[in-house]
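A short write-up of the structure that comes next.
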Amino acid sequence: MDRKTALDLYRVMRRIRDFEERSTVLFGEGKVWGTIHSYTGEEAIAVGVSAHLRDDDWITSTHRGHGHCIAKRADLGKMYAELLGRETGYCRGRGGSMHIADTSKGNLGANGIVGGGIPIATGAALTAKQLGTDQVAVSFFGDGAANQGGFHESANLAALWKLPVIYVCEVNQYAESLPVERGFPIKDIEKRAEGYGIPGVRVNGLDVREVYEASGTLIERARRGEGPSFLVAYAYRHEGHYYGDPRKYQTKDQIEGWKQKYDPLVDARRWIVADKLATEAELDAIDAEVIEEAKRAVAFAEESPLASPITLPGDVYASH
Amino acid sequence: MFYNEALGDALRLEMERDPRVIVMGEDIAEHGGAFQVTAGLLEKFGPTRIRQTPISELGIVGAAVGAALTGLRPVVELMYIDFAGLAMDQLVNQAAQNRFMFGGQARVPMVMRTQGGTGRGNAAQHSKSLEAWFTHVAGLKVVMPATPADAKGLLTASIRDDDPVVFLEHKLLYRTKGEVPTGGHLVPLGKADVKRVGTDLTIVSWSRHVLLSLEAAAKLANDGIAAEVVDLRTLVPLDTDAILSSVRKTHRVLVVHEAIKRSGFGGEIASLIAEEAFDDLDAPPKRLAGLETPIPYAKHLEASVVPQVDDIVKAAKELVA
Amino acid sequence: MFYNEALGDALRLEMERDPRVIVMGEDIAEHGGAFQVTAGLLEKFGPTRIRQTPISELGIVGAAVGAALTGLRPVVELMYIDFAGLAMDQLVNQAAQNRFMFGGQARVPMVMRTQGGTGRGNAAQHSKSLEAWFTHVAGLKVVMPATPADAKGLLTASIRDDDPVVFLEHKLLYRTKGEVPTGGHLVPLGKADVKRVGTDLTIVSWSRHVLLSLEAAAKLANDGIAAEVVDLRTLVPLDTDAILSSVRKTHRVLVVHEAIKRSGFGGEIASLIAEEAFDDLDAPPKRLAGLETPIPYAKHLEASVVPQVDDIVKAAKELVA
Amino acid sequence: MDRKTALDLYRVMRRIRDFEERSTVLFGEGKVWGTIHSYTGEEAIAVGVSAHLRDDDWITSTHRGHGHCIAKRADLGKMYAELLGRETGYCRGRGGSMHIADTSKGNLGANGIVGGGIPIATGAALTAKQLGTDQVAVSFFGDGAANQGGFHESANLAALWKLPVIYVCEVNQYAESLPVERGFPIKDIEKRAEGYGIPGVRVNGLDVREVYEASGTLIERARRGEGPSFLVAYAYRHEGHYYGDPRKYQTKDQIEGWKQKYDPLVDARRWIVADKLATEAELDAIDAEVIEEAKRAVAFAEESPLASPITLPGDVYASH
């Protein structure tokens, strides 16, 4: 991997990590409410995949959506503003963490319904096919979502119609408190692709290089009109399911140890330095830039006015 | 022109007018749809615009949502309204709410056409009337035409509308006939239609029960009772003015629908009238609707659980007595 | 005892009493359920009776239907009512109708517990109030307790009932406290409860809005207005008598609920009253309910779209003015 | 196969064929209304599988349900009475063809929702497991139903919990007007079993011997507590999707020729005689008995009183 790509990937991963840590603090301070779900530990997946996506490609995201949003080049200020319920937020304070969307960058939204984005990404891919463009759609979803009926129906439809959609299953070892081995009767989730006659590819979701490489191939394939595919990325969810999760279903080692052991950012630093793509100092400089940028974004959000009152029917209906 | 042909006509014209309009659903291609609404469209537009799907209601409706969000204007045919329970999530949590949740960034110009109602012995899983569910969802529009002309004009308006529209037909209406304007014909959403003028009482109805109410009104006229029949046509947005001004004139109102009475849309209408026109009423606002039972199969049983013409006549007479 | 503990107590007692009672749902085992209703039950009854499932709402509810048809008495926890759209088919086409469709050969003794409502910033896909949908289905029973004691007593009755019961909790009720009888406690389905006696107007409500109505009634009392608060507790079957006899006493009625007003269950109540007690009313039956919008995220916005205590006070005052 | 088994299987297949032909005539005469879906051509599937089932085993059936019902030893008189809307019908005229159930024989009902029975059979199997019995549940459904999300969710759940359920997919080449190859992106539907880690077995659904053998193994397996399986039986739907289907989506050869070519009853007669298990005359005698029995059943139905009026809430609610 070349230096530029490596550092770009690293920077976006760091940006996500920082966002998650920072929004956790804001939540603790009572400035964010509702629920937030941290993507920490899974950064390599969103970043590796999205590096191949153009602004006019679409993604659908999940309740754990900050990472996808950032990887798809969202504006951090508007993200923080949304969490803080401000008028300048992506959704004008109406959506919050679980519904951030950025249609200008093709992000069709986080989703509070587990599996809810899968049919939608499939429909976006249908638009590309119908209009004859080379756009693609990527649906990010968790291991838990792969057991929803909507996944089955969508994968079948996409395979039949050869739609340019890539289903990216993020196996972070849990669906809330349910360990993946208690949610699946099989070990290799990617095998399910065979039931639809589409490629099923397994990658180490902790290694952004692997994700980048594998997803690049699948995305190019989709752009060429060769149809959908299923990418299964195995990683580890560092935090609880949501901010405040008592994590009764995990051992102390899983909570403390695994987080140290499985960290895509630590990994990335290691190989970037080992491969002489950059020095520790250069990476530290990126980290510092990310922090500065984040502080500006938070400041923007905090200075923004509260979300304006609901207007009906205008906030709900487009034609009225 | 038959009602189903009028719908097909609207689809054809809108597909000619706008290449972004596509149709998706089960059995809509060679077979022409369970009620022959899409008959002939495959031949005209080919399989990429008339997309026959496997049996996957959630996936199909969800794909329509995604397509609508990204620039197409999909029309989904759900074969029976009873299957809506499989697709409600995409309709309610996604289509209806995307615009609002995203702070206005999106629009979801899709139509879900389906049909409900009794009358063909299809029993409890193929005969429901579920308009009340959809009207209880902020973000959906709900349309229920009673005549071929309204079917054509309202489907045209629904396809051009930038919001998700649930377009509800009735299986017994498809083979009803009426004058239909040729060429482009648009009936705006949100406008009720007084299908018969009268002074003694107002009958508010929609879909097939408008026709039964008109039959009843004709019978009532023989007995010297002048019933006004207000066809809502669109339940959301609702033409409140049309309802209230009729009631303010007649002072008596009967709301008639096929769906079960409990929590039916009739409750919305009757309570709206009670709230807004209480002092204009000379009698309690009355609802006549389906019994609280799944729809039975046997012909004589099926007819016994939904209001018939004579039931309307009887209720109207009691109201003006 | 807290409301969620009262529910857990009912589950525990019924599971001890009847080995055919099992619980199925997401996160109900080690985690104890998203709202800690099943906390401790895994330890007591083990993983075969506290069956934690993958995220497959249709499959889970459908499995409960099959289990209920064949001799178990399953209780399903659906984490949020908003997810009902995924499972409606099994609930509506199967559970609710099996007995009728099979000519009485079957019974479906299952409970689907879930929770709805605003108040925790969970936004549009985790805050709905959908009781009206379920009440519009012939074959379902619908229960919505407001207090810990009623929660325990009604859940007990629901589990013992031979029909499918949709048991609706409110996310803000779980941490409310109240006296709860220890040991077996049964509140029969279909009985409303007058939670406060009054003479000037009747407030009809259910679930959390009963508590807000009681707060409002206390405030109204300071202004010399005696409001009677009728808690429906069960929406299906409905205690029509309790509603009508209160209204016949007070002559004024305000129906209060959190769900959006359009086609909400309030329409059923208001029109029932208008139909049955028209001459007893001194003012139009009034509904106070949620605005027709998806639920927004921001705290100040969320509170602005559902009735608050002061809104109830204001509406009541207008009604008695 | 021994003579008794062969003749029993033949007799039930003939009974189904006769029922379908006879109810078609009744429909044409206007005595049956609504919709009926003929199982002609698929008899070997219901019969081969159900031969292994006890009265306390459960099945779920489909809109095309007469065959399953008869194979599960229903009373023909009550079936005809139901089609004719009589009080003596299985559902007292309330259900009709699409909802015939016979809970005394474990038939949990035909189903008007494609795929609707799949989760229900899964739940019945849960009952067996929970109560520690050796009962099994069989879910019959069509190729079209296999694309419903409910199939995916149920198969996953059953595999996880090792439930005694056998999913029997009847590939009759069509889902209404959709040919199976336009509904599936793969040729071998049984492959989908791998995604759940359960056995997937393909059989020729025209040959009752093959169905009998394969299903016997899977049912025994389930009884022993070894969990669910997926049996895919390939056959051919002789008639239109429903009575009156104009069949615009089929060629003349498919409508006329294939029906001759693929007939499980003709086949059965052939090998029964060839294997010297019975003579043509003996088979003719069975046919004659089946006809007599059917005539008595129809007479019973026609002499029965019309369904009694709906009583509320008693027809709808069990406790009231």
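Structure notes:
Letters A, B, C and D name the chains as they come in the text, with residue numbers starting at 1 for each one.
Here is the rule we go by: a contact is a pair of C-beta atoms (placed from the backbone, for glycine too) under 8 Å apart; a residue touches a chain by one contact, two chains touch by 3 or more.
Just so it is clear, the structure is predicted and the values come from calculations on it, not from any experiment.
The chains in contact with chain B and with chain C alike are A, D. Note on chain placement: the centre of chain B and the centre of chain D lie 36 Å apart, centres being C-alpha means. Chain centres here are Cα averages; for chain A and chain D they lie 45 Å apart. Mean C-alpha position of chain A lies 40 Å from that of chain B. In chain B, 54, 56, 58-59, 82-83, 86, 89-90, 93, 100-101, 123-125, 138-139, 291-294, 296 are the positions where the chain touches two or more neighbouring chains simultaneously. Contact of a single residue of chain A with at least two other chains is seen at positions 91, 93-95, 99, 111-113, 116, 147-150, 152-153, 156, 160, 182-184, 313, 315-316. In terms of which chains touch, the assembly is arranged so that all chains touch all other chains. Those residues of chain B that touch chain C in the shared complex are 58, 82-86, 88-93, 96-97, 100-101, 123-125, 130, 132-133, 135-136, 138-139, 236, 238, 259-260, 262-268, 270-272, 274-276, 278, 281, 283-287, 291-294, 296. By the touch criterion stated above, chain D contacts chain A in their complex at residues 147-153, 156, 159-160, 182-186, 191-192, 194-198. Only residues 26-27, 29-32, 52, 54-59, 82-83, 86, 120-126, 291-294, 296-301, 304-305 of chain B touch chain D when the two sit together in their complex. Put simply, chain B touches chain A in their complex at residues 20, 22, 48-49, 51, 53-54, 56, 58-72, 74, 89-90, 93-94, 98-107, 109, 138-139, 141, 161-163, 237. Listed in rising order, the residues of chain D touching chain B in the complex are 33-35, 82, 85, 91, 93-99, 111-116, 144-145, 147-149, 175-178, 182-184, 246, 248-249, 306-307, 309-310, 312-313, 315-316.
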